[in-house]
């Protein structure tokens, strides 16, 4: 409950934030803090300097440009739930955001934080891979983009390097005849996922992404958006999920199949309209 | 004796009209609590206080090689430290209740030489701020040498790894209870149903407020004041004073508002002794707040119990005549309140049933897990789960209807009061009627229709019943059935009631309320007796040893407030009433029989104009008493100790009145299991309660709701699971999932009232419940899985999705007949 | 938790042995080493910060060589102390192969005690796998560097 | 707020309508700032992982868990705690409803529940039972089984 000593700064611009991150060894960006502060309370991880991104208003913006939904990394989950842009462009994001933790956490927790933490049970890593999101990362030398598929590197590890900042997540708007689904099994209603699966269906094919079964989201591309092919793809993936108190590896493997099928079913139904 | 019970359901509510008693008046506690004006222990501040942080063992079992506090002491703002070595010098081990070998265990306030469970405190540090105390705790270097770890109760019996060298065995207590004639019942049975193994898991009520205290030491008097949330200070003092080598008069416990306790705040004496030593050593008030992870790893788990080699004697017509079982109770690293759990279950030996021949071979062992402590439904819940599992497994195995088999075997209303094979007396009740109401509430008639509907949606529907008793008012004499040398028997509770100068009615309690609304119900009782409104009655918040209203067993536990707590209030109020009448008679120059107390006045029954307000009575005695005759010396200040009568237990036959009142709770539920995931959803739920006279029906219903939510959590999620290294895997609310608002289905409640013939107000204790929700959910999951073609018996009390799924894959307990 | 595997390396057993048994070279294999101190030829200490996205996990790790049979087998014990966690790892490797090819069979038994052990169970396995992967990649590079250098 | 990292900060917050300025260590949680530094002990702590919601307060009108924020993060914010609900001593309809419906037993979770429910009612003055359960998901109560809490909030919404 009681944190180690830490230094705190609240820069006013993104450039300043990036500079501070680069200048200070052991500096971490602080977004909503709904994971980071908790981890610091356990003293499990202890950043030396927190760079609070709260004052960077531009990182909170949600907008649509052309066929792309642009989410500022500091957009809160509540913003995403309430956003009419999200509702029009890619409603699955709001639908999933609505089931993350609870109101209080959604009020503070950000989409950028959710993906940068990359806890294997988090909602957005598999979803963003499924929808083919692109992540924009800013460093002292400038900006680069990383496809979501390459963004998640390991447990608690992403492509965001030391001294860098995730600034924007770009999600293609849902096209006609396409559909998204999300399914899984949680511990209690809206609780931590034991296994989850996100699916997008377009033109008869599907992308299914499994969460909680490996260090990073597992992408399965299906030629045919069928429940049976989803089941087969999960079997073929020879998953070796971790065991814990909530699920054995075997049970997780089974749930991966069930979740994939359910997500594909939902996505297919929606693709049909 | 027994009036026709009244029935209430959600829709319609009728209550006994007896003045204030029986009315759901607004609680006196609420106004402060809804404004954040309650005072909980962590809200108490003192000048110069220091914050304490415990250094805890990361290992489940290890030898402590060395502890170095130097670096911690060098940190600026650190006031001091304490280690096990100092504790061993300045205190004696806590009193143990067991006979040998458990009685030889040495339990100190901090680990001495060896740690026996993850999270066990090995040292403590006190500093100027909370954060600094934790910083300093990190600087205390402890070197451990890990030892082999024991996490399984059955394994413990082998004594290959022994936790306590002083005991020489992991067995704390062992004994056989043999009532009736099991062998004969078995010989005469038409079926003997055998169940190899059932397991009741570890969980606890995890009150939202963790434990803690602020302790002040008065050097001049040698007295400690402990501002805390201990729920049983009477017994806490009995543990602490001898350990601290002082008298009970030197320990003052003060509680105010308490954020729930459920039995989990009974075994706080080890930490409190450390605080007492630190307060004395450092010469300043010290404060300790337990954090959730500490609470989960090292405070209070419920007893884990494994039932082996169960045999049940059943007649051809479905009558069950007895059962035999071997029980292994795992109490964790230290017995503390144990081995009382080895006997408390015997208050409900036959459960709700008329079994006459029961044999229980009971063993309690230590393992490298958190010590246990009483937990809502303490020890009886485990046993009631056994009886309900037996009934459902027998019914399923023999193809009997679960409702019919219950009704056939329940103790009948006309048999009340009913003496159990071990000499307990079920005072009143009508179990079959409670069951009928519960069935009605969950729409039992339409069950098969709903089953088909669920199947059409790919779900397996199941129905289950949990019939339980909440035995209230502990006879401490039952401890003599475990250890005949113990000098404990009976029970008691105290209260005072006084009338002050301006007519204030002030009540103090020995009980330690934690949400049960004692201030309100005590005021209702006093108001009815002395004739005023509950608003006029000021019931002091919490417990204070200096109130002089505590007795040896003071506290709030064992579902006994309605009996002992209110019994004490009633006794004191009646003494006050009698004196007020005498005083009024003297002043009004009338006979006492002519006086009535009503509307805050003492007046002549036949001439209400001739009245003295309470203020007048209070002023006469306290401030204007010169005219009273010398031989008449009223005090208007009365203390009463309620001492229930149990009689003496028979230590040979192991029989006796172990408790006094038996509230009934019959639960019924309908669940839907998802065969693809093993997830269970509760789609209908009803709890029917019969606790005799309900002083405050709304509070009673609230307790029923709360006990049900605990049971639902325990049945589906809450589980303290250890890995083989003794690491607790569910040390926080992430992994130890307690139900939130979306997890609890709408609960239907019903009630009947079978007044207790033995309780002072006809009211039975009922707060604990008997874990009815666990029983009925296990029962319903079994029904659901069997309806899906899985020939399984639910063998564990906790059934999260993975276990249900595993059962569907074919793993189950062995049952034969 | 036990993890094991084999790694094929395009170098002689002697080269691989040298890399694995020289504390200074070994330090380069481990992730997030901040300082490294050699007590004697059997014992050394490293201060590491495991680089996790949520902030580094700091640990002081004491290594002790248990057994060695050059150039075939070596085992060592590593005891790590960090806040909220105690790590205890016993690891060993067996080298085989001829000429410029070495096959390394390795195994490790990792135990984490304390609150982090409680909290981290579902991620521990992937994290350990990940760190092992890093170590093996680093080993490959280091071996290559020794060969060319 | 400065962009130079520092271990201590002087922060200014408006709390229940009053302006406060105080130096705090950067590591101090907002809940401890509120309880220990400001003495507003109505906000409670029930866990150490952000699950229980006993510490729920409003920051700039939104319900948040004050154990998952640093005090320095609240610099410049407007805060409302349970003490700010019945500022004039007159219970709000929701507080009254909690008492009427016996929506509290020990009262420890109550301040957080009230803050979550108040935030809900401000956004949605007539919530359904389902809305209420959804909005209170982040608040654990171990006494009531939530039945009466849900009832109390629904009733407060209906103006009952």
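Each chain gets a letter, A, B, C and D, in the order it is written, and its residues are counted from 1.
The rule we apply is simple: contacts are C-beta pairs under 8 Å (C-beta built on N, C-alpha and C of every residue); 3 or more make two chains touch, one makes a residue touch a chain.
Bear in mind that the values here come from a model prediction, so they are computed numbers and not experimental data.
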Max Cα-centre separation from chain B goes to chain C
If you average the CA atoms of chain B and of chain C, how many Å lie between those two points?
-> 50
If you average the Cα atoms of chain A and of chain C to get two centres, how far apart are those centres in Å?
-> 31
Please work out the Cα centroid separation of chain C and chain D, and write it as a whole number of Å.
-> 48
Chain A-chain D separation of Cα centroids, rounded to whole Å | 28
Got the chain D residues that touch at least 2 other chains?
-> 25, 27-28, 45, 48-49, 134, 137-139
Residues of chain B that touch two or more other chains sit at 130-131, 138, 291, 293, 729-730, 732, 734-735, 739-740, 742
Which chain C residues reach two or more other chains?
-> 83, 85, 115, 119, 121
So, with touch as defined above, which chain pairs make the list?
-> A-B, A-C, A-D, B-C, B-D
Please name which positions on chain D make contact with chain A in the complex.
-> 1-7, 9, 25-29, 45, 48-50, 53, 56, 62-65, 67-70, 72-73, 75, 116, 119-120, 134-135, 137-139
Show which residues of chain A lie in contact with chain D when the two form their complex.
-> 1-12, 16, 20, 24, 27, 30, 33-34, 37-38, 40-42, 49-52, 54-55, 78, 101-105, 107-108, 189-190
Contact footprint of chain B on chain D as seen in their complex = 25, 27-28, 32, 35-36, 39-49, 51-52, 54, 81-83, 85-86, 91, 95, 98-100, 102, 104-111, 114, 129, 132-134, 136-150
Inside the complex, what are the residues of chain B that reach chain D?
-> 24, 26-27, 29-31, 33-40, 42-43, 45, 130-131, 205-210, 257-260, 262, 289, 291-293, 514-517, 698-699, 701-702, 705-706, 708-710, 732-734, 738-742, 744, 746-747
List of chain B residues in touch with chain A within their complex = 53, 130-131, 133-135, 138, 291, 293, 676-679, 717, 719, 721, 729-730, 734-735, 737, 739-740, 742-743, 800-802, 805-806
